[in-house]
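Every chain is named by a letter (A, B, C, D, E and F) in the order it is written, and numbering of its residues begins at 1.
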Amino acid sequence: MHLADATWTDVDDCDTDLALLPVGSTEQHGPHAPLGTDTLTATAVADAAAEAYDEEVVVAPAIPVGVAEEHRQFTGTLWVSPETFRDYVRETVQSLAHHGFDRVVVVNGHGGNVDALREVTGTISRHDDAYAVAFTWFESVGEHSSDMGHGGPLETAMLRHLAPELVQEDRLDEAREGAADGWGEWVSRVNLAHDSAEFSENGVVGDPAEGDTERGEELLTLATASLVKLLDAVAKRDVRRPDHR
Amino acid sequence: MHLADATWTDVDDCDTDLALLPVGSTEQHGPHAPLGTDTLTATAVADAAAEAYDEEVVVAPAIPVGVAEEHRQFTGTLWVSPETFRDYVRETVQSLAHHGFDRVVVVNGHGGNVDALREVTGTISRHDDAYAVAFTWFESVGEHSSDMGHGGPLETAMLRHLAPELVQEDRLDEAREGAADGWGEWVSRVNLAHDSAEFSENGVVGDPAEGDTERGEELLTLATASLVKLLDAVAKRDVRRPDHR
Amino acid sequence: MHLADATWTDVDDCDTDLALLPVGSTEQHGPHAPLGTDTLTATAVADAAAEAYDEEVVVAPAIPVGVAEEHRQFTGTLWVSPETFRDYVRETVQSLAHHGFDRVVVVNGHGGNVDALREVTGTISRHDDAYAVAFTWFESVGEHSSDMGHGGPLETAMLRHLAPELVQEDRLDEAREGAADGWGEWVSRVNLAHDSAEFSENGVVGDPAEGDTERGEELLTLATASLVKLLDAVAKRDVRRPDHR
Amino acid sequence: MHLADATWTDVDDCDTDLALLPVGSTEQHGPHAPLGTDTLTATAVADAAAEAYDEEVVVAPAIPVGVAEEHRQFTGTLWVSPETFRDYVRETVQSLAHHGFDRVVVVNGHGGNVDALREVTGTISRHDDAYAVAFTWFESVGEHSSDMGHGGPLETAMLRHLAPELVQEDRLDEAREGAADGWGEWVSRVNLAHDSAEFSENGVVGDPAEGDTERGEELLTLATASLVKLLDAVAKRDVRRPDHR
Amino acid sequence: MHLADATWTDVDDCDTDLALLPVGSTEQHGPHAPLGTDTLTATAVADAAAEAYDEEVVVAPAIPVGVAEEHRQFTGTLWVSPETFRDYVRETVQSLAHHGFDRVVVVNGHGGNVDALREVTGTISRHDDAYAVAFTWFESVGEHSSDMGHGGPLETAMLRHLAPELVQEDRLDEAREGAADGWGEWVSRVNLAHDSAEFSENGVVGDPAEGDTERGEELLTLATASLVKLLDAVAKRDVRRPDHR
Amino acid sequence: MHLADATWTDVDDCDTDLALLPVGSTEQHGPHAPLGTDTLTATAVADAAAEAYDEEVVVAPAIPVGVAEEHRQFTGTLWVSPETFRDYVRETVQSLAHHGFDRVVVVNGHGGNVDALREVTGTISRHDDAYAVAFTWFESVGEHSSDMGHGGPLETAMLRHLAPELVQEDRLDEAREGAADGWGEWVSRVNLAHDSAEFSENGVVGDPAEGDTERGEELLTLATASLVKLLDAVAKRDVRRPDHR
């Protein structure tokens, strides 16, 4: 059940303690893909999983601005500080829990949100009346995951499947030419680059041409199955904190 | 130009310093109207005005959770604290301004956000490298404005015009019966009620039956015209702070 | 009973749960009226109501610096940020409530404090062990209220009645000449001005000549009666938060 | 020049960079002395020094609630957290400095404020466009200073001189009987007591009978002279921060 | 040069802009290894690298309490919130940079600090007058890294090499028996456990018996070489932020 | 029992509610004494007292960076803001109390930490599940205390006794020549200097030559005895907060 579309009485009739909270970002994804890519993909995965899961689950509206300062050299990228992002997510989850939806999976579409979400779901689970974990769809698509990049194969594939009209197909060559091979500049397993503009000309990492519609469909299927499996585990888990040893 | 749908290179080509930031809420709107009403209406007004305005203006994605703790007794209502809301809006505006979109109109669909938006747009305009004001659509629809309520005539009318499938027409009688006549409980011009559940049985204020599709269309037209006029004034205004006297 | 003048043992003997907390501002009021106008008027109204009310009520000392950055272009204006102001008011109210004075009316004399006080009294009433509302005297003086301005008819009248030695009568012409007719610069019901210096030469809004001593006396009588009525309503109100629906 | 009583144009004509900011507290002072003692004495010393100093100096209104949680067991004591107190003082001083009054002496009447004021004046002087120091009157009255107590000889003497009607003379025996000899409970130069109720029955420390009117007059004279001397030193001091060595 | 042991004049003579800031934790490491393991190892690696690097580098004292709430069920574990940890690290780095040591490598010995350090070094590099990265020694020891665990092979090996007297050899069987095979409880690449007590009986992960002295020596050699290489890269890097595209 | 060296199982067997938390600073101590002086001395006193006390007491690792911005003109001085310092200490104490070590003596070696520690131990004792006080060793060494200075007699003596290799004996003349006689620049009992560089050429206050090894030994003996006495008082004290009067 999508909160945005339902009335409060509908939600009140809903017999579940499970909620999905999609979280995206509005940030550059190269010259060929839209700034809203991460919100769009996170929403699609959350929607598909809520549909596929055989028990009821409420779906909150997607949070559209995340931790993306690393892309600020590229026009149109929006961001808030990690602290503000964590506060916004935490308080939204607390309000879900206030109504009994106290097992929450944050469905994330942006790599830059991962650390902040791990931290805030830990804080919520230890200190608030709720249990939360964060699921980042592209980490859970089998061997595809190693191909992630940025505006690269996976995201381009998902967009072609979900919203082909938003992919600027005529700029793919340009996208590929200005792309970096990998994320970051690494020495001794430390990334020396704090901004994506330090290693990518146009913001792209990886080859978007390697992400066709079929791959997009497969990615959505894989991510959905992973999230459904996670929902099931979250529904059944004993989420009480362990006793002091 | 909608940021979510555009590439960073498209946005970079955009020759304007004007931006619209829609802000809504996810909160109860009675048994007949969806929790997402405020986000939906704010987005519609922002979109229509961006379309109607004869210069370019960028439109950010809508912020979906606002200051709505006053509705927390009704299931599904989401909220963040006013402080977190202001931080989230302020930093989003700062990131818009970082790219040169430094004249920002926040387009608001929720009464509970008004105070916080007035404060934060003042703070932004005085202390950041941007100028911002907040426009709340239902305050700027001529004589209709006095009819606002909550889930009442105006919002129901807008929904019927914009998204009739989200209005539960068969619950209108129920909505009307549990509704309050006016917002709050007033003594000496002070509202003694801090929560809407103190004065409304089902969260509704005003009679939703008084908001038909035609009225919705008129409201959208009026709000759009007001916002276009405001955009024009913001575009031309000298936004420097006055000198010390 | 005024806290500042009483001993703790006197206050301990006081059988009430009602408290008044006057809140003013130190800010420009034109060339003819003192910076302390708002503190002075708020204190006078609080004192008169405590005197007139037929049950005991404790009166805290007035908070003299509020949310007044909008007047910062005029020398001598003092201000704190809205956040600091809310913290200061909230913690002061919490300490009142610690002693059992947990029904608190904030008596306000400054328009710039209104939003912040509405927010903080809501926060207190929902999250602390106290109930609080804010009363702004010039909003509750009948038809006079529409005449408010700034350093205009109402405030000048009150000062002439309460502290005529602080009104610079010989500068009234000057005050009137540099005054604005109304507060702000409005387009589509949005105030484009964030600072009073954007629309007023000397900080005055409205004609101070329209506020004579008799009007001041009437204003004090009206405001006092309104506040007494409010105290009575607050004393009798069920201030528990409603149950979840 | 007292800001509260002056118009902004008067203050604008004022040729000085010196300001006094009185800071008090509203807290128990035993069964014989009023809760407002510290605000009253701080204000009196600031007023007397501004009068006695031969150059102009602006005087801000007194801040009436300070760091006094240590007295919370005694009814009527008000307090804010040290953090909120520092913010309130710091921002008030910043607004003074905004108008050119950037050499500020905080005139303090309460022992519990001392640490917080030392910290915040250091922060202001290092990081803001102002220089500030804190003067606590009873630390600067020669050999009397060792007699301070709480509601004891010095404060009772000052009150008898400044506002004898606020001293409950008929409760002096009671005050003396419940008084502690000294402040705190000390082991190895560490005070084990965090609240005054741990060592004083009625909140008094020291013998109030040892503070007659004459002593009060002398104290005011001594404190005023000390503050005038300090004002002169502050006026002449090179307040730039030293260079890095 | 170790700051703790040097005089300010020695440090002033030091011709470098490089600094190392060791960061550890005080937290359970099973029944056989000390709570201070992470501080000890981080310090050892920082010391060895400063020694081995052929240019001068200053070494700050180790920060001993980090982000370790996940181990709070085990007695003696100390922790601060991630926010306080970031503030403490950030301000310490700012003070290093104040003296010209503005290329800082944080040398970390604790997995729980990794996310917070990545965030805060990004914040520092973007917003402060310094460049910082975080190096976690056990991520940079070649193929050993996959063996990390907790109180497992790598840490036990390092301790045996660096401080054998702190390893309780007679409890190794006990340590092994209560150990978990891997860190966390994973479903769909999401760790459902927020506390280590959810998956480990005694806090250990991995087999401590697989970490002998020789391995410890090799680990220190590898980590030191990695850190020296990183220091060199940091010394030579253009650390200016990229221009807006 | 030193937490850093013990396993969690050892600490779990420890039957005490007493803990010592050493707190130092890394800051200039003149041309002859190391930046780590305050951490070193605080640690030594804590260790000696834990040894001498006849009941068990746990000793946390020393916090090495404190409130020392006043020394920032001298190279190598590290500091955090008082607010961050208080947070770091408070949360560390809270984690000690989480395991039952809820009577905590902070053992301090730096004058600049005194105010912040008094505040935070009060906050902890009133609002957290712990009781805490702060002991500053050089305040509790009998008549020696009046000789404190900075890098002067007492600290130099302690260093010569505890770590003679860290004292640059050949720079003592230089140290003495650039030293100030006393701390600060005082008018009317107010210190006008916010930074030590305002009154000391080389950061030293007092004559380091007056601190020989024997004096150092005596200081350690005196401080240890004072701390043992304090531990005993803390162990036996009724630490519940008093009832409201």
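We take it that a residue touches a chain if its C-beta (ideal position, glycine included) is under 8 Å from a C-beta of that chain, and two chains touch if they have at least 3 such contacts.
All of these numbers come straight from a predicted model, not from anything done at the bench.
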Checklist entry - Residue numbers at the subunit E-subunit F interface: does the shared fraction exceed half, giving same, or fall under half, giving different? => result same
Checklist entry - What angle, rounded to the nearest 5°, describes the rotation that places the Cα atoms of subunit D on subunit E? => result 120
Item to check | Selected pair, out of D-F, E-F or A-E, that shares over half of its residue contact pairs with A-B | outcome: E-F
Next on the checklist: With centres defined as the mean C-alpha position, give me the subunit C-subunit E separation in Å.
Outcome noted: 55
Checklist entry - Between subunit C and subunit D, what is the gap in Å from one C-alpha centre to the other? => result 26
Checklist outcome for this item: Rounded to the nearest Å, the gap separating the Cα centres of subunit B and subunit D is 48
Next on the checklist: If I count partner chains per residue in subunit A, which residues reach a count of at least 2?
Outcome noted: 8, 12, 72, 74-75, 99, 202-203, 244-245
Next on the checklist: Which residues of subunit A touch subunit B once you look at their complex with the stated criterion?
Outcome noted: 3-9, 11-12, 26, 28-36, 39-40, 58, 60-65, 72, 74-81, 84, 87-88, 91-92, 95-96, 98-100, 166, 168, 171, 202-203
Item to check | subunit B partner contacts - residues on subunit C that touch it in the complex | outcome: 69-70, 72-75, 82-83, 115-116, 118-119, 121-123, 125-126, 133-135, 139-140, 145, 187-192, 194-195, 197-198, 202-203, 226-227, 229-230, 233-234, 237, 241-245
